[in-house]
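The following pair of complexes shares a single chain, chain A, combined with chain B in the former and chain C in the latter.
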Partner chain A sequence: MSTDTESSYADGFGQVSRTAGTVFRYLLLGATMFGIVTLAVLLVYVANDAIRPLTADLGWHLTFFLTLVVPTAVVGGYLARRNVPALKLGGMVIGMLGVFLLFSGGVAIVFVDIVPPLTGLSYVVGLLVPAALTVVLTKYEQQIPFTLRVAATGAAFILSLVGVPGYFHSIPEIVRQLPVVPADWMILTLVLGGVAAVVVGQYVARIREDTTAGLAAGASALVLTGLAAVVGPTLGVDANAAAVVTSVAFVPTLAYAGGAAVTREQERIGLLLAAVVIGGSLVGAVAVDALGFAGPQSWVDWQFLTSAHSGTAENAGLYPAIGGSILLMATVAALSFPLGVGAAVYLEEYAPDNAFTRFIDVNISNLAGVPSVVYGLLGLGVFVTYLGQPTGTVLIGGATLALLILPIVIISSREAIRAVPSDMRQASYGMGATRWQTVKNVVLPEAFPGILTGTILALGRAIGETAPLIMIGAPNVLFSLPTELTSKVSAMPLQVYAWSSLFASEDFYTKAVPAGVVVLLAVLLAMNSIAIVLRNKFESEN
Partner chain B sequence: MTRNSDSGLSRRKFLIASGAAGLAGLAGCTENNTDGEGGSGGDSEGGDSSGDGSNELSGTIDIAGSSTVFPLATAMGERFQTEHSEVNINLQSTGSGGGFANYFCTGQTDFNNASRPIKGEEETQCEDNDVTPVELKVATDALTVIVNNDNDFIGEGLTVEQLQTIFSAESTPTTWSDVNSEWPDEEIQIYGPTDASGTYDYFIEAIIGEEGPGHRQDYSATEQDRTIIQGVQGSEYAIGYMGFAYYSESTDAVQAVPIENDAGEFVEPSLDTALSGEYNPLSRPLFTYPARESLAEEHVAEFARYWMENSTSREIVADEVGYVPLGDDEQQEMLDTLNAAIEEAN
Partner chain C sequence: MSQRDKAPEGEQQAMNGTEDPTNDEMLVETDVSDGLSASESSVGRDAETVISSDNINVWYGDDHALTDISMDIPENSVTAMIGPSGCGKSTFLRCINRMNDLIDVARVEGGLTLRGKNVYDDDVDPVALRRRVGMVFQKPNPFPKSIYENVVYGLKIQGIDADYDEVVEESLKRAALWDEVKDRLHESGLDLSGGQQQRLCIARAIATDPEVLLMDEPASALDPVATSQIEDLVEELAEDYTVVIVTHNMQQAARISDKTAVFLTGGELVEFNDTQKIFENPESQRVEDYITGKFG
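Take a look at the complex of A and B:
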């Protein structure tokens, strides 16, 4: 009886053979790897064209191999065997420095070239004054009725930023017309260093659970930024650049590394890895310079990053396009974040479950898949033709791209809000909180990292979009940074497209195009890495 | 909850503390500045909003239009920009017709490049929007017919009649043997610019005839000249046409077809043959059309002058871009037209 049953099972499976299973398994592996490997081959090819590592002297490679690769491999190998969390910490510090250095370049473009520091300062002051007033008003929350508070806050901001024409100037205008103005680097130190000080101070105060330590850390961050700006010029670094790089890249990395060294005793040895990598790079750079070995003649060089398009591929650069992409992303973020999060909160927390909501639900999911060229047409139709705006400006481009990523922002924000345990909501209601208080104090803070992750990933999609920009008539070539919302804008992918299509020469294909692709991908990877780090942190906390 | 209120408290303290630090810093900086203003003036003056350099040109110039003239306009813009860094020049390649209809005549751009003269209906459209185009010739182009490098059957070249047979909507031969029975019985693959392109319009005018049956539509049309080159490079039995500048960038990839001229000689396109007039009927003038209304602005007028003054430059027009520069007489004529228009605009 039992043998019968077994044989019938075997019949059902057909002939039992290990080979079939193995073949199937490797076919699946092949399917998994196919896309990744093809893309990797292309990227290696492009990177080789752009960076040209083989043009460097053998001595250059050898020097860096000895100073950077070997020590890193030794320390990394040791940590990988003994202490993986420490290895992660070291990698985190290095990655942080790299990504923040990249962003400090972007910040420098925005706060030095696009917005003159004095204008920036004037707006910061113009915003700080009413913000301070709001803080004061919040203190007397109990005494002042809600509507009055809202009205006062709104009036303070409007008065401060716009002023009353004919009676008194807005605060930004007053600051700009001050007879004596500080030098640019002082303003940068104050504004960017100030932001860095607040962030670092809060971070240190939180991990040390000590307000005084936080204050000290914040103050030293500010001092460090100012010091860099003062010392920078003596070392041949522009004071403005020194202030920006220090406040955006060095200070946060230092704070993170320092914080880890103090609080995470098990893992602090990982900082050795970061020290080896950074020290090795510096020693290698100095050694190469002293020994006279030539580095690779990369097309992604300082000239490429800081100059505009040129008729010859060697002199062509990406600068206006980088600035354009940054401005576009700022506009997109400013437009899509409040709209997207607002919609997500409504749909998750307020909307009744009826046919209308489900209809909206289905449509948002579909909109996320609509091709970008259709959004480009939408932008052209609505903003340019119907509203009569000029073509190809920062505002129009940003608005079109914001529409494009809005469904993605809504969907990912909803996921994040849905992931907040309903126990927390119930607890909040149980304590007598209203729905608005629950959303404000429980749901949004808890969901915020997830919302941010989704938004950054969506921005990563927007930064690579070309078709909508072509549709709204963004110029193929421009020579200067856009400085206002109404100036024409180009973007990195658009510039790469223009080089590859309108400047058909072999030169552009082998030099400018790969260099542009490498820069675009570097920015994209930096953005995505931040999103991934945020997500991991978020997940490990839950 | 306690944890929350704790962090809220420290945040507030920080805000206050950093505000105080900021104020202190601000005070320090201003003082510093009064002391060292004379010394560090050169350093900080650049970004100040006080009106400096009133003679410096500034403003925005928007240029759209022909993809054929685009490289030339870019070369001029690049040079002008290095001399006047406050002028922003935005260039877009839309095709001559696309530029007139969607950008120039609607008042969105200051210049429209064209690889053919403006059409009557375009002038009417411009007039309706109070835009007055000023015709300026900027260079001469040799419209180039290209075939695959392996193509040896066309012999010493093509006649205008043969081109007409291949490209007109009337005959639409599908194989080369339909054009000439001695040629192989293989399908002709045709690449060319779209009907938004001035190159397309000029080809009709010069080869097929304005009154004729028109251009055949069953061909691979693209605004990207590179695509035309790639298409012809990829197939032995392909033919296409484009501006000379793009061909001159990739002379190894495809071969230019000598065209029989009015003297009965087969002439290959080149800068010299176009200039001497031997290469006909496919050599053509290239234009840019500034709007007279825009010329009232000084930076636009200056850029137009700059372009005309450099239109005889062999270095820019011929060596870098690949067109035939204007002669001195033509240049003078254009400068006169331009100056008259600028005067009228002001």
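Take a look at the complex of A and C:
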């Protein structure tokens, strides 16, 4: 036997068959590709129906190919070979601009059409006054007992926002009754530009480690927003829209790109890619206009985004549904975030390990898998039948969707909290911190990016839900934006569903439905991209 | 403690012949002899007892982790606890500041007094206790905050009103870290090397000026250079603090401690005496076998 083995070594060690493994490997590849390719084909099909690129002139395609595609490919190809981090930076700037432009549209809907700027301003002032008081009180944290501080803060917020009926007007009322009020664009510049200025100022102060630079950056952000609102109308852009888009999209992108240009010397060449893409688009747009080439007759156009449902597919639009989805998301986030994170913190940090908490554990996981139509029925039963609320309002819809994603928010927040190393808790307790101090100072700051990521992904699920909204009686067709929490609400997926069922005709199937789906997907991708960027940042920091 | 440095070089004859020269742990003989000579200086010092345990027993569920531990730990000295893995030395350390309370299944019986007060009395708030007893852990665990914020963390949570800048400088100097980080106090504590992180944790622990400093194998995750820095630091700290240190490393215990407690398997305290006595002439055969490497 041993001599046999020895002699066989002379010809090498022989072969071990891998046929089964190879077959298995390609089967797995096939399964993976089947799913991905099917989805890709479906998306391309829908996008083609909605955007119809082939209806454009050949000259239009040729122009953009020369001004946009070729330069981008050249610069991108160069960076991909020489400097991948720079390529990522360039992509980040472009993606940021795109996503923030989308969001600025949403912000414009909320702060111009849904909440009139003056009302918005009145509430901002009404919140700022007690918030300032809270900050002052926090400075004297050691001297004032906790209960007194909480009582004072609570009273300040209530007095400011509600006032004392009959005696004392609330601050929002006072602001609204001022004899002279600034124009809408000034309010938007002040509020949105102010927020952008604070964010940009802090960002610049942090990366430059220079408070003066931060102040200068913040001031220029504010000036830029005001300037856009003044110059906008001369270029045919509404002053309000110009202020919103500048403060929400242009200012943050500029600050990020500028910051990268100053601090990241190795990568700043990547900004060339962003410049080429943006410049190429602008040059292309001017060129096709000058040369008279017609663009694609896309169903996703300005008219579709800004008008309501109509009897004909050509004139139908998604505007009330977009506004409804935004309001629903705001309500869902406001309800599910504190409830979900609160439950997660309790279960992870406080709850003892006993039969009751294990029972809750199992049931939260089960609830995450309950079909959404069941949650719709729950919302209808609890809010409408039992509490007597009117059907189909923003509040009811938001509350129902919040219930739907609550288990997902709890589970993802718990995972984020569990990922905080126990070393850090031990260190904090070892310093003589109470549980609350440990949670507030160590656990939550460390878990926050993970919690935020999970919540955004859960919101992405809520924004695509149709069944719960149908169950709670949201109207299929809505011709105006909901402006209050008690207004009837529609949503993007519900509108698409209505077009494909109630108004089912060849026209709606091929025009309005694909356009609606593309808009819905664009919003979802924008939300998820934020979650992905947050998660990557979080992971790279650890 | 400062007398340690003046220990004559020729003290090597103080070593008795019981050590097995083939034992890896005992190869650095000069170090051991340094420790022996150093501890000699503390013999006869009449230090006040700070921590005194009286028949402490600890169970983790059904697992009896510590059995009837009684010892008196003197003030302003280094007390080392050595023993094989799982012998309960860390558990005993965690009894002193009641960190075992954080483990659901842990149960402590018996008494442990800190300056005469039983810390397991019902009226003792473990959080208040931990504010008087600082702790440094095995793995460096700075918070993901700036170096500055790490040091002032204890001051902030304990509501101590002090000049933070001054405390930060003072604590980092005492932790022998100031010169290395003074220009980057506002950078993350996680950007430091392992040894620097551990010294930052020590600075964080002493910033609130505790009475006792507990160290749970503070150098076991560090390289030899960082280990030696930590050891020097421990010796200096013992001038002002009562240091209780758990270590795996017998040379380390011999080098830096005044008293040594030897725990052996089963959570028993086998011998507790002056370090010199333990390493030269232990009373228990089991301890002798352990420190000469015959077992453990």
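Observations on the structure shown:
Note that the second predicted complex is superposed on the first by the 520 of 542 C-alpha atoms of A that agree within 3 Å, B and C clash if a C-alpha of one lies under 4 Å from a C-alpha of the other, contacts with A are read in each partner's own complex, and residues count from 1 in each chain.
Rule of thumb we're sticking to: a contact is a pair of C-beta atoms (placed from the backbone, for glycine too) under 8 Å apart; a residue touches a chain by one contact, two chains touch by 3 or more.
These numbers were taken from a predicted model, which means no experiment stands behind them.
Looking at the shared chain after the overlay, A:437 reaches chain C, while chain B stays out of its contact range. Of the two partners, chain B and chain C, it is B that touches more residues of chain A. Applying the stated contact rule after C-alpha superposition, one finds that A:446 touches chain C and leaves chain B untouched. Of the two partner chains placed by superposition, only chain B is touched by A:503; chain C is not. By the touch criterion stated above, A:142 is placed in contact with chain C alone, chain B being left untouched. By the touch criterion stated above, A:95 is placed in contact with neither chain B nor chain C. Looking at the shared chain after the overlay, A:426 reaches chain C, while chain B stays out of its contact range. In the superposition on chain A, the residues of chain A touched by chain B in one structure and by chain C in the other are 441. For chain A in complex with chain C, the touching residues are 141-142, 209, 352-353, 421, 423-424, 426-434, 437, 441-442, 445-446, 541. Contact residues on chain C toward chain A in their complex (touch as defined above): 97, 99, 102, 104, 127-132, 134-135, 137, 139, 141-144, 153-154, 156-159, 161, 186, 201, 204-205, 208.
Those residues of chain A that touch chain B in the complex are listed here as 116-119, 128, 132, 135, 176, 180-184, 186-187, 189-190, 194, 197-198, 201-202, 205-206, 211, 214-215, 218-219, 222, 226, 239, 308-312, 390-392, 441, 473-480, 487-488, 498, 500-506.
Chain contact summary for the complex, chain B toward chain A: residues 4, 7, 10-15, 17-19, 21-22, 25-26, 29-30, 32-34, 37, 40, 43-44, 47-49, 60, 62, 64, 67, 70-71, 74-75, 77-78, 81, 85, 88-94, 102-103, 108, 224-227, 229, 246, 249-250, 320-321.
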